[in-house]
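We call the chains A, B and C, going by the order they appear; numbering starts again at 1 in every chain.
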Amino acid sequence: MEVDRADGRNPNQLRPLACSCSILHRAHGSASWSQGFRFIQTSHFYHFNLFVFTSKCYFCYWVGSGDTKVLAAVYGPKAGTKKNENPEKASIEVIWKPRTGQIGKPEKEYEIILKRTLQSICILTINPNTTTSVIIQVVHDDGALLPCAINAACAALVDAGIPMKHLAVAICCCSAESGYCILDPTKLEEQKMKGFAYLVFPNSILSVLPEGSSLVQGEPMEHGIITSVTHGAMSVDDYFHCLERGRAASAKLSDFLRRSLQSKLPGDLSKAE
Amino acid sequence: MGLPNASEDLSSEMEVDAFRRLFPLRYFERHLAESIRPDARSLSRARNTTISMGAVASADGSALAKIGSTTMLAAIKMEVMTPSLESPDEGCVSIDFHMPPICSPLVRPGRPAEAAPVVAKQLSDTISSSGMINLKELSLVGGKAAWMVYLDIYCLDADGALFDAALLSAVAAFSNLQIPTVSLDDGKIVMLPEEQKEENSEKEPVNKEKRKLTLGGIPFSLTCILHKNYILADPTSEEESIMETLVTVVLDSSNQLVSLYKPGGAVLAYTSAVQDCIALTRQRVKELHQILEEAISGMEID
Amino acid sequence: MEAKPSTANLVDKIVVPGDVVLDLSSMTNQTIKLGGGLRQECDSVSVIKAGKLRFSKPNKYWVESSQKRYVPCVEDTVLGIVVDCKADNFFVDIRGPTIAFLPVLAFEGGTRRNIPKFEIGSLLYVRVVKANPGMNPELSCTDASGKAAEFGLLKDGYMFETSTGLSRMLLSSPTCPVLEELGKQLSFEIAVGLNGRVWVNAESPSTVVLVSNAIMNSESLSAVQQKIMVDKLLQRIK
């Protein structure tokens, strides 16, 4: 049953996450999101023990394992929308910058998926006839690139103060031959596995409503899929298995996202009183 | 919805066409409440689907697929190439999807359609992950020569469910494919023109018996719209523009999930909705399989 | 899992988009006022911007956050830069999504006869009077009663841009510690717009530089830290 992973993680374990907001001076909102690290980067070091699935710390294994890191910048809302966009709604444009070279078909596809995903979490009716640009710069790619970019874009939108219905957390699940699944694969694992799914869920929210009132079709809101993209063939059961694992992980991810957003906001904004 | 029922009342006073233009969403919702769609289909019914094989005589394989008025023309051209060093005994498939301005009022001349590269990428992902084509079969002489397959799909009329129609036409074109005969000439691969086949007996064709590809698990897809609790199969472009949450499920003939594609959208897909979409796709796969078989057997009779 | 949150213990905490902070079905017969960053959805009120949930008695709720971009809101006082002059309107940049209009008659005693003249690039202290989605916001150089009050052109001085959170802090009452400490020792004029623009003017340029640096440094500091920082700066010029 056990699958050994090159970096010593257990199947449900994500790579260490790091998120910092407001890192670009000129952008209206910006964030970097990284999963794993190649070398110890002191600026991100303090994040690393925020998020381990098990109580044991696998830090020593991670040194030398791959990382995926994405920078996201948000500009806007700016006046006017492009042709073919509905001027009664705010429009979102996504520009994907690969690490090297020109953008091709895969990047175009990423742009569209990201755009549709962000459109569904933002409230587009508040600033009609405006365009918000989201620029994604890939810093390093070692698997689960699109989920990493979605997380970064989401944090950057929050940083820019774009009105949003809820946040989104993205995760990559791999399904192996034996119907067995691992989370947050590296690039090598992505290629080796039978199939993988990029899943995006709403974050888990704090709610003052009585327990159970926010259930939709018998499931909590955060179990609904915002975006699902799969590669490779898998059985339907495997997919549902991935879904289940992804949901469990998304709860932890949204905890992390909430904590990093909280740490970004100065707690003493109006201590002066 | 929290909206006042103003338009509800107006609907009795207004002409149907005016109501449809002014309150498109409400127009559709009133239909949905009656479990019917404006084009008289039930919610889970796909549009009429036809395939005609061999629509392009100059291509090695071609097909024209129609789902409702969405029309796709797929054509395959084969060329001999030197395989890459990493995979010396494999051929290569290159897929391109074109949306000329005639297909939709949204596409303007000179500016490529936004959807085209995305559909192309989805198609090549789906075809490669379904394992429909065994790339090893495309090899002619190991390490020396292999087939390069160019599949071009032209969208002639874009009326929703583009990916479904494109995939169907691609699959049909592959099953229509006749691999041209080639022969070895001083170590070089030469294509044999059709008419020389019998006369030129000194040049023995290398691939005499391999004139057809064996297709593995054939993928078929169904796009559904999620709107509130309704699931609408095989949407038209009007429906796609009004209700924006699309889910595309691709299953192969052995009911393996090849792709489940949902790019955002206002409605969240819960487990039950996903299961319903997959169930609808299973039915549709059977239908499409039959349609494809009929089209193939129709060709053989001719 | 943590205990079920209630509105009372979410107040003054940081909330993120999607959080539901008020349950209206349990609050019948109450009037509440919602400020920025909150949205009503049927029977619940949810957050649309990350920030600190604030509550002011008796019934006001809002989310306090800090951005680099300004969203116009009626009755905000802002600093705008004239970008164009047309027959009916001055076009003013207030760091919002769209250019704002300042009607040429929106001045004290404004008539067709005496239209004020502003050069492109001049800085104005103005009030937002209309801010509707889908329309350019409208500004005015008078207060609600039609008096000029302090609105109008800001001559000389130095303008810099900060976040909206910092400008709100500078405008809070009682006076925020930075300004209080600076004011004890230096004399200067300051105009703060809610759109994150700050204008400073003083006799000597060195005072202007010092005041602006002190303000820009104060963004993430607590009250005590602000005082220490200002003291250090002041000692340096003595």
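Observations
In the analysis below, a residue touches a chain if its C-beta (ideal position, glycine included) is under 8 Å from a C-beta of that chain, and two chains touch if they have at least 3 such contacts.
The structure presented is a predicted model; accordingly, all values stated were derived computationally and were not measured.
The most distant chain from chain C, with centres taken as the mean of CA atoms, is B. When every chain is reduced to the mean of its C-alpha atoms, the one closest to the centre of the whole protein set is A.
Interface comparison, A-C versus A-B: the pair with the greater number of contacting C-beta pairs is A-C.
Averaged C-alpha coordinates put the centre of chain B at 54 Å from the centre of chain C. Note on chain placement: the centre of chain A and the centre of chain B lie 30 Å apart, centres being C-alpha means. Shared contact sites, meaning residues of chain A that touch two or more other chains, fall at 202. Among the residues of chain B, none is found touching two or more other chains. Of all residues in chain B, those touching chain A in their complex are 106, 114-115, 117-118, 120-122, 125, 129-131, 217, 229, 245, 247, 252, 255-266, 268-274, 278.
The touching residues of chain C, counted against chain A in their complex, run 4-7, 10, 14-23, 39, 44, 46, 48-52, 64-69, 71, 97-99, 133-134, 165, 168-169, 172, 174, 176-177, 219-223.
Contact residues of chain A toward chain C in the complex are 27-29, 76-79, 88, 123, 125-130, 158, 160-161, 163-167, 202-203, 205-211, 214, 257-258, 261-262, 265-273.
Across the interface of their complex, chain B is touched by residues 84, 105-106, 108-109, 112-113, 115-120, 195, 197, 200, 202, 216-219, 221, 223-236, 238-240, 243 of chain A.
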